[in-house]
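Below are two complexes that have chain A in common, paired first with chain B and then with chain C.
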Partner chain A sequence: MDKGHTDAFSNLNSISNFIFFSAEIILIIFVTNPILQVISFLSAIFYAFFLFGSKTFLKLAQCLPLAILSAILNPLFSHEGATIIGYWYSGNPITKESVYYGMGMGIMVLAMLMWFIILNRIMTVDKWIHLFGRIFPNIALLFSMVMRFLPKLRRRYREMKLANPDKNAFELFSMLITWGLEVSVDTADSMSARGYGVCGRSSYTIYHFRMADAYFITVSLVLAGFVFWDIFSGRLVFYYYPVLAVTGEKGFMQFGYVCFLLFSMLPFILEIKEVCKWSFLQSKI
Partner chain B sequence: MKKFHIGKWNKGYFCFLLLCIFLLLAGCGSGEYTDNNFDNANKIVEQLTEEAAEQTVDEASKNDDKTHSEKGQKSNKKLKDKKNNKSEQDSDRTLDTSEDKVKKTSDTSEAFSEKANKKKTKKVLKSSADLEYNKDDNADTNPYIVNSDGKDKGKDKYNTEPIPEGEQLPVEPADVTVDTNEAATCSLIVECKTVLNNSKQLKKGKESIIPPDGIIYQNSEAVFYEGESVYDVLCRELKEHSIHYEFTFTPGYNSDYIEGIGNLYERDCGSLSGWKYFVNSWSPNYGCSRYIVKRGDKIEWRYTCDLGKDLS
Partner chain C sequence: MELFAIQNLTFSYPKGGFLLKDLSITISEGEFLLVLGDSGSGKTTFLKQLKPQLTPWGRQTGDILYMGKPMGEWEAKKTAAEIGYVFQNPEHQPVTDKVWHELAFGLENQGLSQEDMDLKIAEMSSYFGIQEWFHKRIDELSGGQKQILNLASILAMNPKAIVLDEPTSQMDPIAVNNFVQMLQRIKEETGIAVIMAEHNTEQVYKLADSVAVFSDGSLIYHGEPRKAVSFLGEANMQQLLPVVPRIYVKKAVKKEAKEENVLLPPITLQEGRSLLRRLNQQGRLESLSSYLPEKESAHYINGQEWSVQLKEVYYRYNRNNKDVLKHLQGRFYKGECFGLLGGNGVGKSTLLNVISGALSPYSGKVKTKGKVSYLPQNPESMFSHDTVIDELFGTSDKYKDLFKMERLLYRHPYDLSGGEQQRLALLILLSREPDVLLLDEPTKGMTEKEKYILGELLQTLSEHGKTIILASHDIEFAAKYTNRCGLMFDGRLTGVKDTKKFFLQNRYYTTTVRRLTRGILENVVLEDEVIIDAGRR
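Entry: the complex of A and B
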């Protein structure tokens, strides 16, 4: 189950995947509501656990320092907030609200990183090329190369370390840079020699737009649309300063949260559906 | 296999630690003028009143003649009333404990009639001796307070326009030493009445922090020490009453800039809004760290919604 490409969500068309990820990431980046961020974070964890198994915790631990850093940094630079805890040496106050804001930002960063890890797994290079290869061939290629650049460098670094156990990290790093530059030149030459980007050149993709994609896109757009509508009409706005406060009527707010929960859980729901179907069919045989 | 010279975890966490340390240092070092006097303030005032009482009684009983000899007589008479008022107000405001002590001692002294008589005579002596003690406390002797003669037409190195005649000249905050032995009072008011008229422009969520009468803080007897600036007085008073404020030091103007008081920040009520200060109804054209407070100054911190045009 933890092999890529076998799960229901990544079997969908790349357009569906792209729409889902862009909506999800835009939503959590532009909204400072911690409830939405927590919902997004938890659903990302659920889905990542489905994809990566126990490796999720390792990935989470790798992202954690950044989140903690942002939680520490905010009270250093922001002194707004009604509840004063103490004073920095400089004389400016440390406030409870700025600490909470930092934590909120930390959760946002965590959620965003988790979604990007998932995106990296689901949106493979060929999906990017399928999506944008015809519209922006150069940008799509560049993007796909950028996306696989760091994992590739890491792999290469490990190989170099095995081959040169006596060299220290800086020497290895310099070797890595040299190699990276050389390879990029080679790749460019090789690609142009094979006629990449030449007009009228067709490309074959294995992805087809099915009814499942249509359903998925409609559902996700409707749900995300509700959340967007709620946000733009000021119902899900959360104030950290001067005191923590949520605005809006209760019924509408909960509706927005439920919509967002359903939306974030969509990939996970798809997987559950597949698992149920599989076990149901299996028992019949 | 010996492959890790610098361990994978060590490296990452070393960098992280370095970054944290750097940022902490940056955060701590960002303010240059700290309010060190604040912690000692109460203690010093307490000591002052007690010691002054003891010392001056001794001195006065010995040197009665000397007190009347010198040129300070006229100013002393003026000062006398002020000083007595001031010391009473001080003890009223900040020194509940010392006040209690005084009360207790006075109670006991009343109980013993003989001692009470002695004390009364001592008190009379004390007031006259007080004068000598406070002779240097005259605001005019403060070397940092110099009024402009209006002749200087150029800008100074911080781009300050010439100061109008009769108004106080700015100082370099780094040059001033605060004398914590010399306490006096001034009046301080922090108000945001202009927000009440422009409540439509007020940033959402901030409505709850605006007081209904617009006065955030008011104290007609704010204590300050000789050499302290408007900024020092504001920060100490707000800190003492745990009212929120935020400032940044602006090297270009060699002064601290008050960004917000009581969570009401600059640009919270329209893009032209912010905090301005007035001393004796004049808004100085330089920063609040460069204005040295003198006895009886009327300091006003007022919130403007239109670059100060709505305040005059």
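Entry: the complex of A and C
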């Protein structure tokens, strides 16, 4: 099932979406702890199922080759680690640690790709424009104008091709240029007729920053902050070499994992909340 | 209060003749001014004088006052917002890609806050019923919707006047109707002045408070619409009028009106019908039509060989899309001009492209005899040179004289009027020596005069044995110049008949004259078939 854009997470402001994706992806890329990577991967899969339904399998299968490749390449080229479990034909040792490290890398790549697929779905072109339009309003306007022009250009090229079956691509291209110049004059007229450039511009948006965004950003920053803090104070660091080892007290570690799990599941939790709310509302009707 | 006051204005380009000569006119607040004139009469030049951001650079004398002060003394910010301008081609105005963004564009330029813009946009969308397509890409809208959006995004800026340059010339009749209804609401509900140039005055004439007629750069008439009817009749410019008053200006009726002290000529269809009914009771109305409905009307087909044959044609653009053409059957004959009628988006252009072979049906057969050439909706798609004379290089002289292009030879094709561009495109098409001509909306944006020239041309071509298939929503043109007509609907070609029979039989999808005379005068489809006072004088 493809649910369109009615899901709760994509209804949030693009700033909320952006903060979540950046924190999630930065965390899993720079952290070598396999438990965090597995948590991230499973959360991504959960949410992907909500968004894409059974198509998730297809998307997962598309990511798999790259993940397997990175899992295999590590023990091929890295011979660090204390526990030797065999030898390559070349005589180089295969170590248990490098195999595990490769597997960790594979999970990390898989989780990262899944989050990028989700990001691609949630962060539509409009959301990116809204996000960066605040900082670069002129570039956002230019982009919008290009998006207006391209379909017109495509349609015109098709018409020219249909009308002039005996003309080659170069001739059609030169006709298209003449037409494009004419169109840009019209657009410039239309812009100045509506007061473009007479005074400072503001920019309008249909996306609003709501209380829900404030809550979401606060909760994400607090949870992600705990995890970052744990990592920087060396409590969640996982060592592959020379032997597998975890540092830190158990209690602190478990707290870090729980925080990360909650953080990664936030979009999914949001959806569940929404579903509950609606079924509750419906039961009242 | 006077919104615009123009005194003794002349305008010309540095190296050129006068485009406006000694023009004086005032336009009041809330006035609906209809600007009439042939192409090249100075209409557009006049309209652009009212909008400082679009006024071309040139030699200008005289004054243009806006709200009592010379136009140039007002801040650009004020005139940009208060004087709105709607362009002829709905494609030209939109700047951004989304409907909501387009509505906001002018407001953003004024530097308004989000709250202010929010309210204005909400108000405008509700007023015009844009909510349903508020989030759409502009690319997805129909031409009519685009022009309504253009109007709405101008009105959002809270103007005192809107200037429209032939805004409906690219639309089909239903879209024109919607657009004119919007204008009517603006006139009746807002007090915004409307200054509108238009060739197709059928629906808008009754809205006008005053009419300005331009000819060769001069304002030759300015006054009430009903009085304009008599003036245009006497000046032999009745082709600028809609059909109903055009019938009135036939000499005899004018006499009749004077005799009975009926000073007001009819403008609406209802008024026209009651006038005709009265004349009919006095026995002064006659039909020139030689048409006999009993006679089988296939005389164009009898004995002619076919040049295009369609058998159960099915077409769709994409596997997942709906059929655009389904179970389409038809035959088109040598030497006939066939009118393919129907609203926008019913598949007329698709059918032409299937016949030309550019698109192939996924089921069914298309057979053609001889060379087939296609003339697209936008004539610019045919132009590949910088001057008309270069475009015509190698074209046989056989047609050149017919097309009346001599004085245009050194112009750039893009600088020609709509009608001239269509003629040039048709001439380029003929240079490919086609046997079957497929014309897509060739009368778009044409004046009555230009349509007449085109119509005569098409008749000459079909006399030369060409097959012409004309896709059009221009009912009046099809009624005048085609031999057979059919209505495209739901992917099929329905009701194919002799043109005359087609329009007599239809009640709604027929010519204004037929609607005007139904029940009063039988078998009349065209204006010239109504004869008033034939015997007397």
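The rule is simple: the second predicted complex is superposed on the first by the 215 of 285 C-alpha atoms of A that agree within 3 Å, B and C clash if a C-alpha of one lies under 4 Å from a C-alpha of the other, contacts with A are read in each partner's own complex, and residues count from 1 in each chain.
Note that contacts are C-beta pairs under 8 Å (C-beta built on N, C-alpha and C of every residue); 3 or more make two chains touch, one makes a residue touch a chain.
Every value quoted in this text rests on a predicted model; they were computed, and no experiment measured them.
By the touch criterion defined above, A:201 lies against chain C but remains apart from chain B after alignment on the C-alpha atoms of chain A. In the superposed pair of complexes, A:65 makes contact with chain B only, with no contact to chain C. Once the two complexes are overlaid on the shared chain, A:193 sits against chain C while remaining clear of chain B. By the touch criterion defined above, A:169 reaches chain B but does not reach chain C.
Of the two partner chains, chain C is the only one touched by A:148; chain B is not.
Chain A has more of its residues touched by C than by the other of chain B and chain C. Residue contacts after overlaying the shared chain place A:80 against chain B, while chain C stays out of touching range.
When the two structures are aligned on the shared chain, A:243 is found in touch with chain B, with no touch to chain C. Looking at the shared chain after the overlay, A:95 reaches chain B, while chain C stays out of its contact range. Contacts of chain A with chain B, set against its contacts with chain C after fitting on chain A, overlap at residues 162, 165.
Those residues of chain A lying in contact with chain B across their complex are 65, 69, 72-73, 76-77, 79-82, 84, 87-93, 95, 161-162, 165, 168-169, 237, 239, 241-243, 245, 247. Chain B meets chain A in the complex at residues 1-3, 5-6, 11, 16, 19-20, 23-24, 26-31, 33-35, 204-206, 208-209, 235, 239, 242, 244-247, 260, 263, 265. The touching residues of chain A, counted against chain C in their complex, run 126, 141, 144-145, 147-148, 151-152, 156, 159-160, 162-167, 171, 174-175, 178-179, 182-183, 186-187, 189-206.
By the touch rule above, chain C contacts chain A in their complex via residues 51, 53-54, 75-77, 80-81, 84-85, 87, 89, 91-98, 100-101, 104-114, 117-118, 121, 135, 137-139, 153-154, 157, 353, 356, 358, 374-378, 380-384, 414, 432.
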